[in-house]
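The two complexes that follow have chain A in common; it is paired with chain B in the first and with chain C in the second.
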Partner chain A sequence: MTATAPHPRLTKAPTDPHRARGPRLPVRLLPLAPAVVLLLLFLAGPIAYCGYIAFTDLQLTGQAQESFVGLDNFTRAFGDEEFLNAVWLTLVFTVLSSLIGQNTLGLALAALMRRASKPVRTLTGGIVVTAWVLPEVVAGFLLYAFFRREGTLNAILDWLHLPSQNWLFTLPILAVSFANVWRGTAFSMLVYSAALNEIPKEITEAAEVDGAGGWRRMWHVTLPMIRRSIGTNLMLNTLQTLSVFGLIWVMTRGGPGGRSQTLPLFMYEQAFQNSLIGYGTAVALLLLLVGSLFSLVYLRLLRTEV
Partner chain B sequence: MALTLASRRTTRRLAADAGLLVVAAAFVLPLAWVVLSALDPAANLRVKTPDGLTLDNFDAILTPEITFTPLLNSLVLCGGATLLTVVCAALAAYPLSRFRSRFNRPFLLTILFATSLPITAIMVPVYALFVRVDLIDTVQGTIFFFTASQLPFAIWLMKNFMDGVPKELEEAAWTDGASSLQSLLRIVLPLMGPGVAVVTVFSFVMMWGNFFVPFMLLLTPDQMPASVSVNDFFGNRGMVAYGQLAAFSLVYSTPVILLYVLIARRLGGGFALGGAVKG
Partner chain C sequence: MPVRPTAALLPALLVAATLTACGGGSGSDPDTVRVSFKQSTDNSVKVMDTYLADIKKQFEKAHPGKKVELVPIKAPDSEYYTKLQQMLRSPKTAPDLVYEDTFLINSDITSGYLKPLDPYLAKWPDWNRFIDTAKAAAKGEDGKTYGVPDGTDTRGLWFSKDIFAKAGLPADWQPKTWNDVLDAARTIKKKVPGVIPLNVYTGKPVGEAATMQTFEMLLYGTTDGGTDPLYDKASKKWIAGGQGFEDALSFVETVYEEKLGPDVSDALDPNVMTRVRGEWLPQGELGIALDGSWLPQDWLPGSGHEWPEWSRVLGLAAMPTQHGQAPGKVSMSGGWTWSIPAKAANPDLAFDFIRTMQTKANAQKWYIANSGIAVREDVAEDPAYAGAQPGIKFFTDLVAATHYRPAYPAYPKVSTAIQEAMESVTTGDASVEEATSAYTDALKDATDNQVVER
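For the complex of A and B:
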């Protein structure tokens, strides 16, 4: 490369320092090199490797060389009840916690905050954001304590004379979904607060003068105006939720009996508890494909002027 | 008329306040548990008034084995990865922000695409790859992977902050004979100091809390960061001492909460996150 070229700046007229093309392009792009090398080696590399070993029977131990097995891992997955169970649970988890929970609660909080008094707004915002900033594993513990048989939720139910139960055993997927709502709502709240702030006051006031009530204003005026934020927020929430591992791992380990085993936990179990790296990777590849699809939709939604 | 409007506003504000307080109460319960239990000599899994206040739980966990080594490991791991992330991101953002070229758009779109990929999905192949190239159970390998996974977002954020620094100042420096690297170091980065701080803190916070990456890539217990070692409270120690668990959770969480508070204002009256979530 031409990294040793002496001060290219000096030889150029300073009036045109941002020329699009020219011999100095490689030099200009040189600062990208460390990032690109790292990204290629440690991100693109593993993804490509993922695309390879998903088609092999690579195992953790006792096998010198993996061999190519074609689509075996995938046909196996779609005939595997545990896999289908994990797909179903991932769907439930995503719909409950991200599409419904985080999204709706986040929007509701953002909308309420616009009307609430400042101390209440600050307090609530602070609490919700703290839940979000906590390390994943700590959040897992707190919710584990909350949902356990001896935990806080049952204490409240007892106090209200409602039947208590062992939530992590009877409704594990519901418990981890609530945990994810607890942990992830702050993001939607912040996104929607920003979006609502950008709506000109005149528009909502005009609707109010025209006699539109709160719900109608929300439905006919506010929601259409923030629909792009809704779209991007849904995408990001979904992607986030698809990759939740630590939270569920700490709370239930995917159990009992696989009843809270979403795809990332299934992938982990196959690869490590069952030593089937090839099979686990095939699941990973499927997860990655779903993620990429969402990611592409997200890019379309952004329609950003990069 | 004015009066009814005003009173309607008040009613509405009270209703909103009430609604928010209900949600806040529900959200605060798990947080209250961790704070109260840490100070409670007889903590269990419920939120309750402590049976007297004590610092014994902290005393019990503030040992090299339980707290200091894992936290130091976290610091080395996340500090190293953050440093690498920020340096690489600042360098990469510079040409993307300063020069127009036909590579910019595809590069930035790829970066944005990678930003939202579920990294969890590739941990199994990363493990397999790391075994093959002998990087498994090494701190540097984990740092490299952490950096790569955080880089797309860091570059994106950094580029957006850099776009906010006017070019004129730099052009003056160029006329005086400064190289690009000099103008990046002496002019652009100092001017976007708060932006660099946001990228630094954000990357650090993300990695500090990350469980799955070190859980997969590190094997030796001595190297484990706090995000993984905290799990031992359940696994190896038999009866769970909930008070100690709570105390450890507090000690482990406090740094990132403080750091977040430090940058919260920058990230946003709207959590702008450099446009990555702008609709």
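For the complex of A and C:
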């Protein structure tokens, strides 16, 4: 994180307009052209197309001609109990698994690993990262096997003489949240490990000399210093969690009774099972909105200076 | 840094050239038939591939100078439809021949993706050999036919003779009414503890299997066998939940309320279908299963879970009508058809390929290879077909009492609404009356209010 001192050439530019403007500018921008073309074609294009489709009643099949329906898809969404249920579950899933789970656990692991011996560090890091590099679907099957009625978790509970139950049935949203924590903590851990390594030793030592204990050092020194990393991590985590699909699909298919049907699953059901591409796309745009709301909150939190 | 404009333009030009090249591929070679089909996601299952390779060889021999290009789509069902529908939208990607599920064919007809085959069928004598219900399976709302079925499936009751013996039930069991089925399950529950008496699929996690293998098997058994309880053909409207609908839901409710079925959490597990075929039936943990004719496909040699003894261990019974009213038994049928896309480049050649597949000998080969049920009378009557596998004769005889779904464009949504109603009575979240009225609301929503009370 380098300080952004004003670039000398940028400050000079207005005094010498010929250097920045005039016939040379298009030529200077030319090398960017391929990238811009690619971005427009493959990024902006589909997004704009999605934006358009969300205002039509386009179906994958079962329709001779689509038509423009204005805001119908959006008003329909807000009157649709299943949609509201999906929004609520998405928030629960995101707060539980990303904000609380991955973020805190990642930070805790990173902090603890700094004090651990090298073999312990390597081993823990290895295990956590393995969960992360597994394909989403594989992770989904592993956790399905863990939580199902004859699964590992219940075997352990039985062994401890604790009551067992079908977790995917009784507490589906909690089970999939846990699965997401299991899978995604590695990312936070890596981000925080890097951030903690950037804190100069002298500052921590000075705080220690001043008599600050572990918790106070964490609260007053470490956390403020890695605030930017926390923000970045939260934002990336949240955006990734909002779009989790495969994991939940494999474990519960959004069930039972829609009790783990987050927005991506709802969207999939509408678009590809009910063939309502227009409606599904509108829901996708709303999901984008939820994501940007989260991002705005994080950006605001970050703005206050140290 | 000085930049020569040409150097900067070059990559852009290259990109543009590549992109144009991408769009240039087309299937308009007049001598090649491009055939799209659903390839099994299981690498060890090559039934369709082998069969089509054989037809390709026959076709190319009989049509010198013509070529067949097989275009497999390797995907599970729902993704296959999605991929196919995307291909059908454009003449550049549309193949000459596609393999369509009757579940969705009417949606694709409405979308204008498919070509009516009537002019071809009129000149094809073999078409008269197809049974009438099967002919209707690929008929659009406009009365034209859009596909040639390559077989069908039927559904019935599978039961474990071992468990029946322990429960004191007969080995040649044939229930006459729904109550007979429930009573058998109650007897098993009482006399053979530790097994699941009866499995009926339910709820959204199992999807269309819940609608078709369970609900419609019940619902179509509440009528006189001739009237469609879901869709009114005369007014072209869907039928609101009535007495028959409530009775069918009550059956499901009874099974789960009296704990005659699997544990609710297992019943609503998306993998329950695999467990029925792979664990519960082969391991003798399930008394009665309401399921489809294709089960033995999973137990064939080379499938990874061979179970050749099944025909000794399991008995088969037709699903009875509600009170035993005529025709006494009920079955549902689906299946796949071969269709020609509206945007196909070589439709004539494509129909020739269908004709090659549907010679009597080739059709018979196919039914036997994929545990399919014949839709051609001449094959159904052939002893070589009926004796090819245990169970084939039983399930072929059910064709006489079978129903096809009203697979109109709204059907997938209607099916989801049915699954939701089933799920809510299975979990006990709603009473039968509540679930039925919720169904009627969902039905109005799914069909733009094209609903009629009856």
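One rule holds for everything that comes next: the second predicted complex is superposed on the first by the 251 of 306 C-alpha atoms of A that agree within 3 Å, B and C clash if a C-alpha of one lies under 4 Å from a C-alpha of the other, contacts with A are read in each partner's own complex, and residues count from 1 in each chain.
One rule holds in what follows: a contact is a pair of C-beta atoms (placed from the backbone, for glycine too) under 8 Å apart; a residue touches a chain by one contact, two chains touch by 3 or more.
On a predicted model such as this, the values are computed, not experimentally measured, just so you know.
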Touching partner for A:Asn274 - first (chain B), second (chain C), both, neither: second
Contacts of A:Pro256 with chain B and chain C, given as first, second, both or neither: second
Contacts of A:Asn166 with chain B and chain C, given as first, second, both or neither: second
Contacts of A:Leu38 with chain B and chain C, given as first, second, both or neither: both
More chain A residues in contact - chain B or chain C: B
Contacts of A:Leu142 with chain B and chain C, given as first, second, both or neither: first
Touching partner for A:Thr130 - first (chain B), second (chain C), both, neither: first
Contacts of A:Arg28 with chain B and chain C, given as first, second, both or neither: both
Touched partner set for A:Asn85, first chain B, second chain C, both or neither: neither
On chain A, the residue positions that both chain B and chain C contact, one per complex: 28, 30-31, 34, 38, 41, 148
Chain C contact footprint on chain A (complex, rising order): 27-28, 30-31, 33-34, 37-38, 41, 59-64, 148-149, 166, 168-170, 252-258, 269, 272-275
Contact footprint of chain B on chain A as seen in their complex: 7, 9-10, 14, 17-18, 20-21, 25, 28-32, 34-36, 38-39, 41-43, 45-47, 49-50, 53, 58, 105, 108-109, 112-117, 120-121, 123-124, 127-131, 133-138, 141-143, 145-146, 148, 150-152, 155, 182, 187, 190-191, 193-195, 197, 226-233, 235-236, 239, 242-246, 249-250, 264, 267-268, 271, 277, 280-281, 284-285, 287-288, 291-292, 294-296, 298-299, 301-302, 304, 306
For the chain B and chain A complex, residues of the former touching the latter: 12-13, 15-17, 19-21, 23-24, 27-31, 33-34, 37, 44-48, 84, 87-89, 91-92, 94-96, 98-105, 107-109, 112-114, 116-129, 144-145, 147-149, 151-152, 155, 167, 171, 174-175, 177-181, 184, 205, 208-212, 215, 226-228, 230-231, 234, 242, 245, 249, 252-253, 256-257, 260, 264, 268-272, 275, 277-279
Contact footprint of chain A on chain C as seen in their complex: 3, 5, 8-9, 11-12, 15-16, 19, 78-79, 81-82, 85-86, 104, 106-108, 110-113, 203-205, 207, 263-266, 268-270, 409-410, 412-413, 416, 423-424, 427, 429
